Each structure stands twice: as C-alpha cells, then as structure tokens.
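There are structures below to look over.
Consider the two complexes below, in which chain A is the common component and chain B and chain C are the respective partners.
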Partner chain A sequence: MSISLKRARAIFVKDYKEFSRNYAISIILVFPILFAFLFRSAGSALPGAIGFLLNTSLVILTSLAQACLIAEEKERNTLRSLMLTPATTLDVLIGKSSLVFVMSAVVLAISTYILGYEPANIGTFTAAIILSIILYTAAGTICGLFSKTVLEASLSILPVAFIFTGAPWGAVLAKDYPVFKVLDFMPSSQLVHLLGLGDTGYTTGDVLKPLLIILAWTVVLTVVSVVLYVRRLKDE
Partner chain B sequence: MQFQPMYEGGELFLPEIEFNMTPGQPVGIITDLKRKQLVMNQLAEHAGFYLFRVQQGEYMRLTVEELITFLIHVSERKEHAASLMEYFALKEERKVKIKDLSPSKRVYVTLLRVFFAYQPALVLEEPYFYLEEQDRRQFKRILDDLSREKQLLILTSNLEDALISCDVIYRLNGSGFHPLDIRDSEEDKQDVHKQDEPNITLQKISTKRNDKVILFNPPEIDFIESVEGSILVHVGGENYDCALTLTELEQRLLNFGFFRCHRSYIVNLQKVREIITWTKNSYSLRLNTSQDAVVPLSRSKLQELKTLLNI
Partner chain C sequence: MAGSMHSLYIYAINAKDVEFMEVIQVERVRKSFGPKDALADVSFSIPKGEIFGFLGPSGAGKTTLIKILTAQLNPTSGQASVFNQPAERMRQSAQKMRFGILTDNSGLYERLSVEENLELYRKLYDLPKAAVDKVLQFVNLSGERKKKVNLLSKGMRQRVMLACAIIHEPELLFLDEPTSALDPVNSAHIYKGLRYLNEKGTTIFLTTHDMAEAELMCNRVAILYQGQIQVIGSPKELKRQHRKHAVSVDLTNGEAYELPIGGETADRIADWMKRGLIDRIETKEPSLGDIFIKMTGSELL
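Now for the complex of A and B:
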C-alpha cells in the first residue's frame, strides 16, 4: 500500500478546514486549557493534577476529535467515496491522525505550561506524550469506526474515557481486590507513574518500564485500528 | 457487463442480465428502487466501477473552491482549480460553503465527484432527479464529455432522466430486462398503404389484459408504444396489449388527432403538453396525464409535427 504525502496533505487541509468551522466540536480544544487554569488556581493542593489533566485531555480531545472526524465522514458517505479515489487507507488515516496529533500536541503543551508542571526528564516526558497521543488517536479511530453518526461517536467515547482515565484510581482498589492490579498496566496509569517521578532518585528501569508498556499499547491499538478500518469499510 | 440472477421468496427478482458497455455510448437502466440497489451492490464487488449513490453526502463546511481543490489533490489530477471552476460553471459560487448552496446546486457539486473518478466505468444513481433545469443542462454537458472516454451507466426510475443522456436504454422490472427502442431512424419510413374507407367508422380500439378484451375510445388513449414487437396501449398510467400493428393503429387513429412521433410510438396529440429539447438532435414529448409520461420524438418527425400544430 503506497503512501502519498500529497494526498495525505490534501486530506489534512480538508479536515483542518472542516474541523475549525465546526464549532460544536472544535470547542473541545479549549477544555484542557480551562482545566489547566482551574488546577493552577488550586495550587499544590492537588499533587496528581498533571496526570489527571493529561489523561482527561487525551480522551476528550484526541480520541473524541478523531472519532468525530471519522464518524462524520461515515455519516455523509464521503469515506466510501474517498475509497474510490487513488487515496489509500493509510493516506486517509495519516491525513486525519496528523491533524489530531498536531492539535493535541499544541493544546497539551499549552496546558502543561499553564499548569506550571516541570518534568523530571523532558525527553521521556515528550516521548510518553507523543506515544500517548498516537495511542489515543487509534482508540478514537476504533470508536469512530463503530459509530454511524457524530452523535454516536461522542457517546462511544464514554467507555474509553471511563476505562482509561479511571484506571489510575482503580489501581487504588488493588489492595482490597487483587484483580484490579491489571489496571496498573493501563497506559494512563503508567503515564501517571512517569509523571510522578521526582527530579532525582529514579533508575533507568523506572523510566523504561512505563515507556515500554505505553509503546506496546500504542503498537497494538494502532494495528487494531488500521485492520478494523480496512475490514469495516469493506463490510459496508 | 453481466449480472447474476437473484431470487427473492422463490421468485426471480433480478433476471440474469447481460449487456455491453462501450465508451461513447451511455447506457441507461430504468428500474425500481430495490432492483437499483441490487444492481449497485453487484457492481460494487467489481473493481473498475465508480459508483455514485444517491445518498452521497458532501463536506458541508468547505467552500466550493476548497472542495474542488481537495478533489484535484486527492485524485492526483493536473488541472487547476480555477479553470475547472470555469468548466463547471461554478465561478459565482466559488466562495460559497456547500451547506449554503441551493439544494439543486449542492447535488450538482456533489455529482462532480464522478468527474474526478479514475475508474474506466462510471455508474450513477438518479443523477438528474434533484437537479433544476439549468444544472441538468450543465451536468449533461459534463457527462457527455466524460462519456467520450468512459463507460457510463445510469440507473434511474424515470424514462425522462434516462433519455437526457443515454443512447441505449433498458427497462428492468417484474417482466424482465428489455431494451427500449429509442433510436432515431429516418431510413425506416414505411410505405403507407391506403386502407379501406370503412375502417374509419370503427371507433373502438380493442386490447387484451388478463384474458379480457377491453375496448377503448381513442380519446382515452395517452400513447401507444411498441416494445419488442408487442404493442402496448397506455391509458391512464396502465398499459394493455393490442393485437394490431403500429401502422394499422396509425391509420385508424389518424382522424382522432394521433401522431406517429417515432418509429415505435404513436401519441395522442390532444394530451401533449410540452416539447422538450434535450440537444439539437434529441426531443421528447411530455404528456398531460395523471402520471408524468414522456414519449420520444424523432428528429425526422419534428417538422411534420410542427406543421401539424401550426408552429
């Protein structure tokens, strides 16, 4: 399957224009920044604020935007029409995902700055965020593929929001119910671990383990979303 | 082009169909909604067909120019948006968002997707149904240009729509898949035999339906067509078989204001409402009946009709 930058860029530009004029959806770009202001005024009373902020933003911004972009095309039958053009599956997915990626990266950077969070290691922090954005984009793609309309897409995000953002808290229950230890392997829990590392006194293992788990999630979800995309569109 | 037969409830719903598609000769199939879907679904399984379905939506928030630019890029065409906009006659709507266009224009813009298709065959479902007269003409022009290089198949439930741009038309319904005879043929002027005078006194046209003989007064009849050798008399939207030939009927009905407008059609001139001009060489007559009926008019017969009607 060939990838053409020209076609992917055309899809990027088209989606950018559509998205920026759809105020009902593009308003979600503001939420992470609003949250950041809220948490900043709370000050140091909330030690886990950055983890909560990033995990929620990744779902309501990254996943939701991607799901809505895909569902809207499905709703209007333009996705099927796109498949009849020379644009390949990867062109379409890359075009859409890169738009969501750029938006998420910019908004997350701004809200991290507003919150005043300073990562222990800027390299690991960036890597973790980049992987997470890709991961949540893939999750959004899957949600979009299972919904027929934009409305359905925004609802299908709820389970994702529940499982992914709830996981770090669920892990607290692990003391009483060992089953919940599984939740510790969710990418959101791992991201919280990474963010919680102090300036000093962490080993390479402390950094590497969360990163590797997030990477594994990213690879699996990306592959699943591409396979599902190809299969779902053939069925219709 | 070949289609598999399909059965529904033990009855043959879609017969085995076979016809040829060549560039420069658009094919039209007149059929109902369900058969249209079945035909489309079979076509979707082949590569090499660009299917335009009636449900096709459009990116509502783009302007017309942005949409055309996007389609050019995504289909890797070399044209410039500006020159194409001129070709599509959309210069005035350049900066208008798709959602702000009139319904007819919006469908027209959506239909332009077929222009960018790289597939050798284009299949369109009801392309003219939602278009206003002006947009119809524009889109017919674009389809005419496209059909020079591509095979074109139009699925519609309306004879009039099929007549606009198809050279070969088939009718697909419960009784099977039959070609309609719409060709213009000047060479086919049959010698008119002088019939006996007494025939004029015979006023009723006898037809058969479900083994019953039904007699019609000539003024009741809308038009008569010949389909694959059998003569169908259309009255109030229904059709009835008739045993006479078109030439015989023409003789009998001449004095009742009937006119042989085409090799396979006789029309009741009292019921003609409109002469439709598609191009310089193709015409139709629209009838003033309860159901919107359209009858082809041969180029060679146009002059005759004009003198008859004193136009």
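Now for the complex of A and C:
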C-alpha cells in the first residue's frame, strides 16, 4: 500500500485545525504539565514520579486524544468520506496519528523538563518515549474504532488507563503473588525500569530488554490497529 | 474466409466499443447479510454519459449496490465492474480519482469553514488551488466560503457535500438520495448542477425513492424491490409500456369520460369537437410512482 506524504500532511493540517478549535478535547494538553508542576512541588526526588507522570500522560493525552479523534470522525461519518478519496488507509492513519504524536512529544518534553528529570541515557530515553507514543497512539486508535461516539471513546480509555498505568504498581506485588509477574512485561512497567536506570552501573542488557519489550508491544498494537481499521470500515 | 475474418474484426471492434462505452456493468450480483438477501440476482449496465436512476423504497438495497460499486462491500456472488474493471479495484487511489460520491450520510468537518473543508479535498485529490473557487462558484456558495459548516443550513451543507464529491470533476458520480429532506429550491439548485455536470460528460448513478426526481433527471431508471430489479428503461418507455390505452375527456357541460383508444372513440371525440363541447382531452399516462405500485404492489415509503 502506497503512502502519500502530501495527503497525510493535508489530514494532519485538518486535524490540527479541528483539534485546536475543540476546547473540550484540547484541554487535555494541560493535564501532563499540571501534573509535572504538582510533582515538582512535592520534590523532584519523589520516587516513581517520572514513571507515573509519563505513563499517565501517555494514556490521558496520547491514547485519549487519538481515540476521540477517530471516534469523532466515525460519529460524523467523515472517516468513510475520507476513505472514499484517494487517501489510502496508511495516509489517513499516519495523518491522524502525526498530530497526536507531535502533541505528545512536545507536552511530554515540557513536563519532563518541568519535573527536572534527567535521564541516564538521553538516546535510550528518547527511543523509549517515541516507541511509547506510537504504542499508546495505536491503543487509542483501537479504542476509537470500537467506539461510536466521542463519549464512548472517552470511556473505552478507562481499561487502558487502569491496566497500563496500574501495571508498574501491580508488578511490585510479584514477590508475594507470582501471578503479578506478568505485569512486569507491560510496556509501562518496562518504561519505569528504563527511567529508573542510574547514571552509572547499568549493562546493555538492562537497556535492551525493556526497549525490545516496548518495541514488541508497539509493533503488535500498531499492526492490530491497522488491521482493525481496515476491517471496521467495511460493512461485511 | 476473408469475409468471416472481416466480421470477426468488426465484432471485436464493436465489443471493444461497447465495453468502453459502459461505465458500470453489474451481472447477477447477490449480496446477503446473514440469511437476508439485500440484493438478489441484479443485472444491468450503464453507458457513459447517462443519468441512471436506481429507484426503490428505503431498505430496497440501493445503498448496498453503491457500496459494492465503490468497493466498500464485496458481493456475495456475481460480477460488478466499474470503468471496465472489477469493482474491488475502486479501492485503488488512481481509481478513486475517477469517481465521486455523495451519500445521505456523507460527513463534513463541522468546526472548519466551507473553504477549509474543500481545501482538504483539493489536497487529497492533488488539485490546483483554483479548483476550490471553481467548485464554490458551481454550487453557488462563494459568498459563504468563510462560514463554519456548523452554521450552515441543511441545503447549504448538502451543496458543500456535493462540492466535495465533484471538486475533482469525476467521470462517474454516485449520488445516494442527494436531495432527501431538502426543500424544492435547494433541490432545484442541485438538479441544475447535476445536469450541467452530465452535459460535460459525467455519468451519474442516482439512487432515490423520489419518483418525481427520477422522472425529471434520469435518462433511464431501474425499479428495485426486495433486492431485485422489477423493471428497467427510460421513464418515457416505461410510461408507454404501462399506460392505460385510454383517453380522458372533459366536456364543457361538466361531463367527464374515460374512453378506450379506438375508432369509435375517435368518432365520438370528432363529433364533440365539431359541436365545440371539448374542454380538456388527455391520454392516461401513469407516473413512475404508479408503475412502481403496479410492479411491486407496494406503496412507497
């Protein structure tokens, strides 16, 4: 399937204009920054603050915004109209996801700066954040595709929020309840591992394992979202 | 031998011409949703430049057929071709450039202006900037270009949707109930635009349950009922086929007659005419609505 950057950019610009005029949704951009100020006032050394901030922001900003954008297009029948133009599935998905990607990257960077977090390895941190944004965008796409309205989309994010942001906390219980060990394989838990690396004393394995697990989640959820997107737009 | 080769050559030329001329070909198409057949064994073809009306009550299968022809659905069985290619190929970007579609649930971006909506379509179809001005003039909305879509009346919104469907000047235009819920003035605007497009060569596939609209617009119509085509032909032909062989005569003295066409009736009319008694005389022609009721035994919904 071909990709036209021109068409993807046209969809990006359209989404930007729509999003910036939709105050009910665009207000979510403020929350991560607000959280960052709150945590900073509690002291930058607050344990788990950066992990909680980033994981929560990825759900309430990235996934929620994407789910609402997709659901609104479905609710107003514009998604089908868009698919009957020469824009391909990938043009539409890339165009729609780009806005959420850019917004998430900027807001997360600002929030991290406000909190005063300094990553041990900036390259690893950047890679993990980029993969996480893609992953949570895909999760948002899936939620949006299963929702008929924006309201449904906002509610469908709740399980994602519960599972993904709760996983790092649940994984702590793995010593007493081995079944919780599985939560350690969630991308949010792996992100927390990466964020917790010290300036010294970590091996390549300490970096690669979490990155690969996050990458695997990203690939799987992205493929699922594309396949679902194609199938949900058919009336079979 | 030479003669037979010659006829074979002529046949090949003719077959090619016929194929080229037919924009849509549907052969024995069936579409089932579970145990229910939305379309059952539907066959017809549409030549280039025609306005073809697909008529039927709500739920007759009209929208299903448009979805098959625009590759949004696959038929359960049978063949559907558009531009002489399997309809599934209409998913390809190059093919999507060739047709436009306006459905009764086409959407617009409410927070964007008329111009911004059209700009999006212009970019998706990779058209020059002038295309927006041209289409705005065409749908008579140049003065409303800066207005947000959520502030427009239903008629204006429908015209914006039509503009989105035709901005790329498609060879084939699918219209699914284009004037449903529009007042006569807005409907007339749309009809005028469609006729102009058709004169420029656009083939139009129109589904409607409005028989008057079909009669006004279409070169040929097919009446679909319970997933099957009941009758197909030009409105004139259909009316001729289904007309009552009778004339109705109103006399100046208030008497009215419905008389069978024939020599005896001709004599009586001639006599009334000589005596100056004829007030009104007309043939009894059915409307498309009458034909629909006759063919299906159902009232339109």
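The definition used in the following text is that the second predicted complex is superposed on the first by the 233 of 236 C-alpha atoms of A that agree within 3 Å, B and C clash if a C-alpha of one lies under 4 Å from a C-alpha of the other, contacts with A are read in each partner's own complex, and residues count from 1 in each chain.
In this text, a contact is a pair of C-beta atoms (placed from the backbone, for glycine too) under 8 Å apart; a residue touches a chain by one contact, two chains touch by 3 or more.
Being a predicted model, the structure only gives us computed values, none of them experimental.
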| item | value |
| --- | --- |
| Superposition on chain A - do chain B and chain C clash or fit | clash |
| Partner chain(s) touched by A:Thr88 [first = chain B, second = chain C, both, neither] | second |
| Partner chain in contact with A:Lys14 - chain B first, chain C second, else both or neither | both |
| Which of chain B and chain C A:Ser2 touches, first, second, both or neither | second |
| Partner chain in contact with A:Ile27 - chain B first, chain C second, else both or neither | neither |
| Of chain C and chain B, partner touching more chain A residues | C |
| Residues on chain A lying within both footprints (that of chain B and that of chain C) | 4, 6-7, 9-11, 13-14, 17-18, 21-22, 76-78, 81-82, 84-87 |
| Chain C to chain A touching residues, read off their complex | 67, 70, 72-74, 93-94, 96-97, 101, 105-112, 116, 120-121, 123-126, 164 |
| For the chain B and chain A complex, residues of the former touching the latter | 50-51, 53, 55-62, 66, 69-71, 73-76, 97, 113, 116-119 |
| Residues of chain A defined as touching chain B within the complex | 4, 6-7, 9-11, 13-14, 17-18, 21-22, 75-78, 81-82, 84-87 |
| Chain A residues touching chain C - in the complex, by the definition given at the top | 2, 4, 6-7, 9-11, 13-14, 17-18, 21-22, 73, 76-82, 84-88, 233-236 |
